[in-house]
Amino acid sequence: MRQPLKKGLGTMSLVISIIILLFVWWLLALALKSPAVPPPLGALKSFLTSLRGELLIHLGISLYRVLVSLILAAAIGVPLGIFLGKNPEIDARIAPMIYLTYPVPKVVFMPIFLILLGIGDISKIVLITLIIFYQILVTTRDAAKNLAKGYISSVRSLGACSRDLYLHVFLPGCLPSILTSLRLGLGTAMAVLFLAETYATQKGIGFFIMDSLSRMNYEEMFAGIIAMGLMGFILYIMLDKMEKALCEWVHL
Amino acid sequence: MRQPLKKGLGTMSLVISIIILLFVWWLLALALKSPAVPPPLGALKSFLTSLRGELLIHLGISLYRVLVSLILAAAIGVPLGIFLGKNPEIDARIAPMIYLTYPVPKVVFMPIFLILLGIGDISKIVLITLIIFYQILVTTRDAAKNLAKGYISSVRSLGACSRDLYLHVFLPGCLPSILTSLRLGLGTAMAVLFLAETYATQKGIGFFIMDSLSRMNYEEMFAGIIAMGLMGFILYIMLDKMEKALCEWVHL
Amino acid sequence: MQDYFLSIKSLKVLYEQKGETVTALDSVNLSLNQGKRGVIIGPSGCGKSTLISVLAGLNSNYSGEVLIDGRPPTIGGETAMILQDFGLLPWKTVWDNVVLGLKLRKRTTAEINVAVATLLEKLGLCSLAKRYPAQLSGGQRQRVAIARALVLEPRLLLMDEPFSSLDALTREEIQDFLLEIWEETRLTILLITHNIEEAVFLGQKIFIMSSGPGHIQQEVENGLAGASHLRGKVQFLEMCSSLRSFLRGRYSDAATA
Amino acid sequence: MQDYFLSIKSLKVLYEQKGETVTALDSVNLSLNQGKRGVIIGPSGCGKSTLISVLAGLNSNYSGEVLIDGRPPTIGGETAMILQDFGLLPWKTVWDNVVLGLKLRKRTTAEINVAVATLLEKLGLCSLAKRYPAQLSGGQRQRVAIARALVLEPRLLLMDEPFSSLDALTREEIQDFLLEIWEETRLTILLITHNIEEAVFLGQKIFIMSSGPGHIQQEVENGLAGASHLRGKVQFLEMCSSLRSFLRGRYSDAATA
Amino acid sequence: GQTKVTAVKTAPEKLKIGILPLEDAMPAVVAEKNGYFAQENLDVELVRFQSAVEQESAIQSGQLDGIVNDLIVAALLKESGQNIKVTSIALGSTPEEGKFAIVAAPKSGINTLADLKGKKIGIANNTIIEYVTDGLLEDGGIDPSLVDKVSVPKIPVRMEMLFSHQVDAIVVPDPLLTFAEFKGAKIVVRDTARNLSQSVVIFNQKTLNEKKGAVEAFYRAYANAVDDLNNHPVDYQQVMIDNVNIPEQIAKDYQIQRYPKPQLPAEEDVNNILKWMTKKGLLKTDLKYQDLVEKI
C-alpha cells in the first residue's frame, strides 16, 4: 500500500507547488490591481537583486535567532511538558498557570523584557522563545499524557527509575509529537520575527520585510517574503529528515 | 496509581496559581519600578472598574471572533489534516505549499485581506483563522500519519470505505491531538487579537489592551490582560472538559 | 480441474525495509473448496499471518495468483477476519466495536441489536458491552474480536490464532459454537492455530507450513474434524500425535539440513 | 508456620471506573516456597493477570497482604515479568528491547552483549536483532518478551501466558529451556497458562482459580512436573485429564449454582 | 563646523537615543554620520525602532536616554509616571515643518472639509494623527464627531485602505502625504495654517540630571547637523533615503525640509495639545507646560 516515494518526487512537487503559488499570486495581483500585491515577476526580480545585496545576511541573522529560540524553547518545554504529562497531579496544579498566561499577547511584556534583558539580541530571542515555549510545552504534555500506560508499566517492571522512564519511554514515545511541535514552533518563530526584529536592529528578515512595508516598497517586501518562505521551507525539510531518522519505527 | 482528583482541587489550584502569579507580578513591579509594570492592586482595581464599564462587551466581541475563527479553522484544518495524513503521496505533494507559506507572517497580508474582505469583522476573523488553521492542520496531519496502521487495516477489513475510516478511525484516533491543537489554536487566536483588533474597530479585548497601551494607561492595560487571561482560562477549562467527555478511553 | 473457492498459486511475499528484504512466503500453493474448514499450522514466523493478510486484501504487495471465488482478494466485502492482535479500536466500547461492521454494512439498528446481543451472550460478553477494550482481560478481548468477525456472517472467515488466549474450556465451547455456526451457514473458514488438537478438531483440511520462507509442506485430509464425541478418544489422539511427529520430523530435517 | 517466599493473604482487587466497580480478585490466598515453580490456571477473565500485576508491583491498589520474601511487592528489583501483551517498546529494536533491563541495572556493555546474544540465539531470534517489534510475527514478539525477562536473571519470574503464541514444538523447546534455567538458578517462577499440559509439565504446584471474582479454588501438588521423559506418557495424560475434569466439574457447578 | 576639543580626553559619555524612520530623526542621523558626536567626546548610539510602541517601551524600561517622538507621546509618558522632559523641537517650529494632511481617495468626490461629513476617515487613535485630524476639522468649522474615524495604526495599511476605497480619506504625514498625492489622491487640507504637529526630542529626567554635560554636547552636535542639513540639503538626499521611510517612486524628488535649531516648543502649542488630551480623557492629571519642558 505505502510505496517508497520516488527520489525525484520531492523536487518535482516543490517545483509544482512553487508554480501554483506563483500562479495564484499572479491571479491575485491581476485581480486586485493594488500596489500592495505586486505581480510575482517584479518580486522575483527584486528577490534576485536583493540576494546579491544584504538579503543573505538578513536571513542568516534571523536563522540564528530562530534556531536559538527553537532550541531554547525545546530544551525547557520538552522536559517540562513530559514532566507534567507524567505527573497528572502536578499538572492539575500547574495547568491553571499555563492557561492563564498563554493567551496573553507577549508584546505587552516587551517593557519587562527590555528592562530585564536590554534591547539587544537576548530580549528578541527570549521573546520568540517564550511564545513557542508554550506550544512545545502543551503539545509535549498532551502527548506524554496520552502515551499508552502499558509501555510505562512494562519498563518500570524492568526496574526503571523516573529518569529511565523519561529517557526510554516518554522521550521516544513523545518524539513524533515533539517534532510536530517543533514544526509549529518553527512557523510561529518565523512569524513573530516581525515583532522581534522591529526594534533595535537593522538586520534580520523580519526587519527587512517590515522596513519594506513601511517604505511601501512592496516588491522588496515580497522579495523578503519569498526569502522567508524558502528559509522556512528548508528548515521544515530538515525537520522532516530528522523525523525520518529519529522516528524510523513510526514509518514501518 | 492514578487517583481521581478531588473535587475541590481544581478551584484550589486555580486560586493558588492566581496568588502565585499576582505575587510574581507584584515582585516584578517592585523590582522594575517602571510605569509599564504597575502593581497588581491598581490593575485589579482598574479591572473591577472596567468590568462595570464596557469590558464585558469587549470580551464578548473578542470571544465571538475567537470562537468563530477556531471553529472555522478546525472545520477546514481537521478534515484536510486527516486527509493529508491518510494519503502520504498527496501530502508529499502538498507539504511544500504548506511549508512555504506557513512561516510567512500573516500581518503582511493584512492589506490584501482589507482589500478583499473589507474592514469589518470578516477580515479579522479570516486573519485569525488563517493563522491557527496551519497549527490545526499540521498537528492533525502528523497525528493521522502516526496513527497505528493496525487500526486502519482492522476497520478496512470490516468493509469500511474511505469515509468510514475518517469517521471511525482517523477522527477518534486523532481526537486527542486535535484537542491539543485546539488548545494551541485558542492561545494563538487570543494572542493575535492584538493584531486583528488594532485596526478599524473600537471593540474587542485586543483593542482594549492596545488602546490602553497607546494611551499608556498601564493599569487599564493590565486590567485588559487580566480579563484576557481569565477568558482564555475559561475556554481552556471548557476544552479540558470536552476532552474528558470525548476521549474517555484515553484516561482508563 | 476443479474450481476452488480459495485458490493460491505460487504466492510470494516479500517485506522490504531499508535495504533488507525478508521473504515471508515463497511458492505457496493452497486451495480450499467452498464451505470447507481449512486449518494452517506451522512454526512461529513461517508466514501464516502474512498469508491471511494477503487473503484479506490487507497486503496487495505480492506476486503469484490469489483468487477468492475467482476474484483477487478485496478488503471487506464478504470476508471477515480475526487479526492476531485483535485490532479492536480502543476508542470504542465492546458493543460499538462489535456493531461497527454491521453499521458499515448499513443494517438497521433493530437487526444489529438482535444479532449483536445474541452473539455477545453466546460468547459470555454481555456484561462487558459498555467497557472499553483497555478494561478487558486478554481472553475477553479475544472474544470481542471473535464476535466482531462472526457478527458479519461472512462467506469467508479468516482467523489468526483466534482462541490462543482462552482457557481450555472456554476454548472448546467456542470451537463448538464456531462449528454450530458453520453447520448453519456453511461458510468457508481458514484458521491458523498452534494447537494441534484444535487443528484436528476443526480442520477438514490441515495445511502444514514449513519454516523459513513458508510454503505448504503437507496437506492432510482429516475425516475426524467436527466430531465432538471423538474428542479425547484414541482415534483423535492418534491423529494428533501423528501430526505432532510429522512436525517434529520436519523440524529435525531442518536441523540437519 | 512456614515462611513462604511468596505469600498472599485475603487479597482483594477492585477496578473502579465512573461509578462501576469490578471485583477482579476476592479473598485470594496463595503461597509458594522459594525456588518453586507455581502455575495458575483459570477461566478467562478470572483475574490471573490482575494477580500477576499486583505481585509485580504494577498495581498497588489492593487490600489484603501480599509479601514477596517478606516485603510488599515493589516494581523492578529482583522480579521480572512477561506481560500478556508483551509490553515491547515499538521504538526500540529487538536487541534494544532485550538489552534495556540490563542497561537499567548498569551492567557493563561486554557483560550485556554476551548475555543477550546467548539468549537470543537460544530463542531463535538472532537474525531478528535489528528489527523493530512491528516487523515481527506474533510468536517472535512473544519470544522477545521472554528474552527480555530471562536476561534479567531475576529471583522471581512472573509470566502471563508466555507461550500462547508459539507453535507446539517451539513451545516445548522453550519450556525445556525454561526448566534448564530453573535448574541452574533455582529461581521462583509463577506462570499463567491456559494449556493444561503446560501446567502439568511446568508446575510443581498448580493453582486453579475460580471464575467471577477470582480466588484460588484448588491447589494441586504435582510430582510429575519437569519430567521431560514423561511428556505424553499415560501418567502424564492422566494428570492432565484429571485436571481437566476438575475444571469441567467446577464449571458445571457454576452453571447449576 | 569645528568645535572646541575638551582639554582632558576622558572616556566618551554614552547616550542612547531611540529614533523612528521618520524625517524628524535626520539631524541626529547626520550628526552621527558627520562625526559631530565623536567630536564632542560623546558615544551616541542611535537605536532604531520601526514602531512607536517598542520605542516607548524601551524608554520606559530605562534602556534609552532619549527618544525623538511627538508631544502627545511625551505627555502620555509623563502622565504614566515616566519622568521625562521635552528638551527641544525636532520638527515643527513653524506650521510648515512636519507636514500632515487629510487626503481623500481618488475619484471619491471629496474636495473640501465639508465633504467629509459622515465619511470614513482613516487615522490612528490617541496619536498626533488624531489630534491633527481634530484640529484640521475644527479649524475648517467641522465638528470632528460628524466624521467616522476609523483607527488604522499602520500607515502603509492605512494608505492601502484609501486606495482600495475601504475608507474615504486618511490622515498621514509626509513623505507619505507626497506619495499619496503622487498616486492620485486628493489633498483636502494641510496643516500649514496652524502649528498642530511638533516632533520633539525627549530625555529621561535621570539622564538630564546625571549627564547634563552630555546632553548639552549632544545639542551642540545636533545644531551643527541642522546647519549642515539646511545649508546643503542636496548632499543629504541619500542619507535621508537610507534612514527615512520614503517610497522609492518619490525618493529622488522628495525635498529635504528645513530643520529648526534646537529650541523649546511654544507654550501655546503645547497647551493646545494638553487641552485636547484632557478633553479626550488621555490626561487625568493637570499637566503644565513647565512640567513637560526643560531648557538645556
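For reference, chains read A, B, C, D and E in written order, and residue numbers begin at 1 within each chain.
Methods note: a contact is a pair of C-beta atoms (placed from the backbone, for glycine too) under 8 Å apart; a residue touches a chain by one contact, two chains touch by 3 or more.
These figures come from a predicted structure and were not determined experimentally.
Between chain D and chain E, the least number of touching-chain steps is 2.
Listed here as common contacts of chain B and chain D: A, C.
Ranked by distance of CA centroids from chain D, the top chain is E.
Chain E has its Cα centroid 83 Å from the Cα centroid of chain C.
Separating the CA-averaged centres of chain A and chain D is a span of 48 Å. The centroid of the Cα atoms in chain A and the matching centroid in chain B are 17 Å apart. In chain A, the residues that touch at least two other chains are 32, 34, 36, 107, 111-112, 115, 213, 248, 252. Residue numbers of chain C whose C-beta contacts span two or more other chains: 17, 85, 135.
Residues of chain E in contact with at least two other chains: 53, 57, 60-62, 154, 156, 160, 164.
Interface of chain C with chain B (complex): residues 53, 56-58, 75-77, 79-81, 83, 85, 87-92, 100-101, 104-105, 132, 134-135, 148, 152. Residues of chain B that touch chain E in their complex: 32, 34-36, 110-111, 114-115, 118-119, 198-202, 211, 213-218. Across the complex, chain B meets chain C through its residues 150-151, 153-161, 164, 168-169, 172-173, 175, 247-249, 252. Of all residues in chain E, only 21, 47-51, 53-55, 57-58, 60-64, 154-156, 159-160, 163-164, 176, 179, 183, 245-248 touch chain A in the complex they form.
Of all residues in chain E, only 53, 56-57, 60-62, 76-77, 79-82, 124-127, 150-154, 156-157, 160-161, 164, 166-167, 282 touch chain B in the complex they form.
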